[in-house]
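Chain nomenclature is as follows: A, B and C, assigned in order of appearance, with residue numbering initiated at 1 for each chain independently.
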Amino acid sequence: MKRPIKNVNLIIGGILVLAILITAGLSFFYTPYDPNRMNMGKRFQPPGAEYLLGTDQYGRDILSRVMKGAVNSLIVGWVAVGIGMGFGVLLGSLAAFWRGWKSEGVLRLMDVLYGFPAVLSAILITSILGPGMVNSMLAIGIFNIPIFTRLTRGASLSVWQRDFVTSARAVGQRNGVIIWGTILPNILSPLIVQGTVQFAIAILAEAALSYLGLGTQPPHASWGRMLNEAQTFMEISPWLAIFPGLAIAWAVLGFNLLGDGLRDLLDPKLSRTRR
Amino acid sequence: MLLPQAKRSSRPPGGRSSSPQGAPPTFFMTPVAYQFIKRLLILFATLLLVSGVIFLVLQVIPGDPAQIILGIQATPENLQALRHKLGLDLPLPVQYWNWMSGALRGDLGVSITYDVPISELILSRLAVTIPLALLSIFFAVVFSIPLGIYAALHRNRPGDYGVMVFAQIGLAVPAFWAGILLILFFAVYLQWFSAGGFKSWMESPLGALKSLLLPALSLGLIRAAVLARLTRSCMLEALGEDFVRTARAKGLAERVVVYKHALRNALIPVVTIVGLQMGELLAGAIVIENVFNLPGLGRLVFLAIGQRDLPVVQGVSLLIAFFIVLVNFAVDVIYGVVDPRIRAGSEEI
Amino acid sequence: MEIQAKRGKWMGLFLLFSCLVMGGFFTSEANAQKPVPGGTLTISLAAEPSGLDPTTNPSAAIKRVVHYNLLEGLLKVDRNGRVVPALAKSYSVSKDGKEHTFVLHSGIKFHDGNPCTAEEVKFTFERLLDPKTAAPYRMYYEAIESIQAVDPTTVKFKMKKVDSNFLFNMARGDAVIVSQQSADRLKSAPVGTGPFKFVEWKRGDSVIMAKNPDYYVKGLPYLEKVTFKFIPDPSAQLAALRAGDIEVIAYDLAPENVPALERDARFKVLKGNTTTDAILAMNHSKKPFNDPKVRQAITLAIDRKAVIQGAVGGYGTPIGSHMDPTNPYYVDLSGLYPYNPQKAKQLLTEAGYPDGFEAILKLPEPYAYARRSGEIIADQLSKVGIKLTLEVIQMGQWVDRVFKNADYDLTVMGHAEPFDIEIYSRPNYYFRYNNPKFLELIKKAEGEMNEQARKKIYEQAQRMLADDFVNVYLFIYPALPAMKKEVMNWWKDYPTIVVDAGEVYIQK
């Protein structure tokens, strides 16, 4: 393992992500104002002492809404990546295990789903199921499955070839036990790294879906949706468009750097050409 | 462009399947030809599968198109008559067959909302989306390649770090926010551009180009971040190769070594990735078209979904899916032909 | 003698000069007032119609393009909300109220050259009443028993019963006079008698019309060409106006953009009323909305001023019942039940909901003012304990679930049809409000020919709706037509669903 001190990505990423987590956690106990409470007398306030980041078109405090938006993004990220990883690892393990045409079939299917633009599939899925937070989690989760399937399959395959697995099989250990006990622990590193990276992607996807009106519905705060509402009122108050976007970039940057840092930490082999 | 902006590992072109250990029967053809035909068959199967999935998925969307067209006052007889006219009362496989055979002939049906042939609609929208995509790629390439080369040449020095920071920021910024910020600065504040909308090519070619500038910039800059990193790593890889050492040993000028030899090799995987990520470019275009209110393909499909205009959604989804599958296929084939050696290096992004 | 002559010459010159100056002054003044013929106008509308026949499709989008411009009726509603003659030069009604006679102008021609006579009027209404035509608003004309073409310019309508709304209905968009020759083409290339004739419909883009040189009103229209351009996004419309691509935004200017536009010296914004009553509709067939106390509580918990501010930038007029101020029978009841959240809470407790209750508010996606009103209402109602979940649904779903099947708790919608208070007399309308007393009132009004008496009855009707808290009456959607300063004679209010370019001219 590399000395973490040289791992800038990990440190910066870690700090950014920690900030998001703390903000989100804090929002359960305290926000400067009720994020959904409207105040028509205080619309479009610029950032100042009374409202740190200003207010929106209904007089709601932007800082409080950004904090709640963090919770929204994190939950969607967790569930979506969870779905993707859960089903993906399952399918991928099976695919690695089966070989032959079944394995090829799964792979081909995943390729098809993988190639289709994720936004379009997410839009289609949310338009079938209807807009909303839960459905967008499902939609994003679904397009995460192919990614984890391929990753698991690829990584599992190489582990299957290893000596200790061959000997385990020779000894007569059941395949299920092998997969669970030996294969999976050995592919944990790439899974964690990819999971972190996909988390960042999920946050971006949720923001895009909410921007298009397909994600989290009003009045709940969602960074993407806040940007959508901000666009209508840009001439009156540019602040509305800046802070939610900044939050998205912060979160995605944090998780991306964290992912890179974890990759360097856990498996230097994966980053052979980069440093 | 927002979704998998780069972190997807590039599809290892060529032998991604793990089976070709044993040599397939090659009575009458060369291994290359066999591979090609196999890939072709897979292509058809994929296209079939994709079209089937699109068709089925969209049948599930609630909302009766006949009701929507005829409105509140429609009598059940009128509704039934229209459903019959639209062919909605036929069994699913028959509907699918009608649709696909028509599509192959270029007839994608008629839009429910506009009452115009869908192929016409799509063509008019392509006149916006294709230039947008091309302009985006142009910006992406123009920004990323020089930056990537610079970073590779100044490895681990401030210049390199600067480029890497740019790349990381580009990955983190959602393209639609970039678009909004550009509007805020260039349209609202400076008033150099309008905040959206599209002047048709007929009316004013220059005006049309101007309407595409900010959108293409939003998409392009974000992609540039991804490509800059890729260019950098490919250049580094190429510079570390034997043939570069040989060239240097031969006494060639550094510039020649870098640009003529290393770059050329480095660009191959870069170009490949650009091709493979056309799908994501289109996806990004959908959102950007909504930000800037451009009458392109993305906005068409988005509005059509909202209006439950099923034939349009089906047609456009099919088109996009086919396009992506075909591009991937072409890239695979070309790649396999061009240089199997570099396959390994492009696993990395 | 010489000096005098010289002075005379100067005097003469001076007089001549001043006369010329004054004359010039006066003529230019006169020119400034007089409409100038010529010019083209491009008008933006958000919703593109799905066809151009207003008689078979209830969509307002159609009427906005064709009514008054391409197709006209016997009567029309003018810019001040009054029913005035159009194709009919004059009209009269028999003493018993069961016979209406219209005299047409002479020499009216359809755009294809065919004359518009009493026969065509007869054909129009027989077609409208024919079940096969499936006219959506057939009920407005059901009182007609027969139509007689007495002579080429006189038409007599024999009625089954007295219908006091008959004249108003004759001014509606579905009562436009069409020609036998061209009725089948109405949907895609309408032929009418209007000041403009149809030229082209570029699907997905625009409808183009040109001046009708044979229009029966001499001197009109002023414009040479009118184009309706369909731009769904209000901010795109604004961008187009600023860029000079269009000259007028007819309906869809987002209220928050008014100040910025007014600051721009090139443009002006007229501020008036439409006939769209924005209401919070409550489903009387669902608990707890069948309880008048609950409905009253909801009404008192809503601060109309705040809703108007947040939803339409402060430009809407608050209302207290289902009628708009341009209607001659309107009575202002907006102050009858003012904002009082404490009383609302009290009422809820009395009704058995001390902790409030939960409900779903369905909002139509295409209408920003409805969505925003919904969001603000949800916030206000939460203050008295009523927790609303917002559901934004597509228009098709709204028509299907809310309008047809009354599958909703609450919804916000704008009712654009003018003078549609009679919808409350229909128990199957989506409010599911069933009040025999109200039905009685409406029937009485329809049978009452005396104007004063009618006014009294309609006032009673409005009060009944307010006192029964049938729905929460929020505001009238503002008319905010925005245009270049040189565009003159545009309607400030829209007392009916129409975008009339017939008298518009462009000042040079």
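In this text, a contact is a pair of C-beta atoms (placed from the backbone, for glycine too) under 8 Å apart; a residue touches a chain by one contact, two chains touch by 3 or more.
Since this is a predicted model, take the numbers as computed values, not measurements.
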item	value
Of all other chains, the one whose Cα centre sits farthest from subunit B	C
By number of C-beta contact pairs, the top two chains	A-B
Inter-centroid spacing, subunit B versus subunit A (mean Cα positions, whole Å)	22
Length of the line joining the C-alpha centres of subunit A and subunit C, rounded to whole Å	49
Centroid distance [mean C-alpha coordinates] between subunit C and subunit B, Å	45
In subunit B, residues with contacts to at least two other chains	62, 195, 306
Multi-chain contact residues (two or more partners), subunit A	231, 235
Shared-contact residues (touching 2 or more other chains) in subunit C	235, 365
Subunit A to subunit B touching residues, read off their complex	100, 103-104, 107-109, 111-112, 114-120, 122-124, 127-128, 147, 157, 197-198, 200-201, 204-205, 207-208, 211-212, 224, 227, 230-231, 234-235, 238, 241-242, 245, 248-250, 252-253, 256-257, 259, 271-274
Partner subunit B, residues of subunit C touching it in the complex	48, 50-51, 57-59, 134, 136, 203-204, 231-233, 235-236, 238-240, 242-243, 245, 365, 394-397, 399-400, 403-404
Subunit C - residues contacting subunit A, complex	235, 254, 256-257, 260, 305-306, 309-310, 365, 368, 371, 375-376, 378-380, 382, 390-392
Of subunit A, residues touching subunit C in the complex	36-38, 40, 43, 57-58, 131, 213, 217-219, 231-233, 235-236
Subunit A contact footprint on subunit B (complex, rising order)	2-5, 7-8, 11, 16-19, 42, 45-46, 49-50, 53, 57-58, 60-62, 168-169, 171-174, 176-177, 180-181, 183-184, 188-189, 195, 233, 236-237, 279-280, 282-284, 286-287, 290-291, 301-302, 305-306, 313, 317, 320-321, 324-325, 328, 345, 348
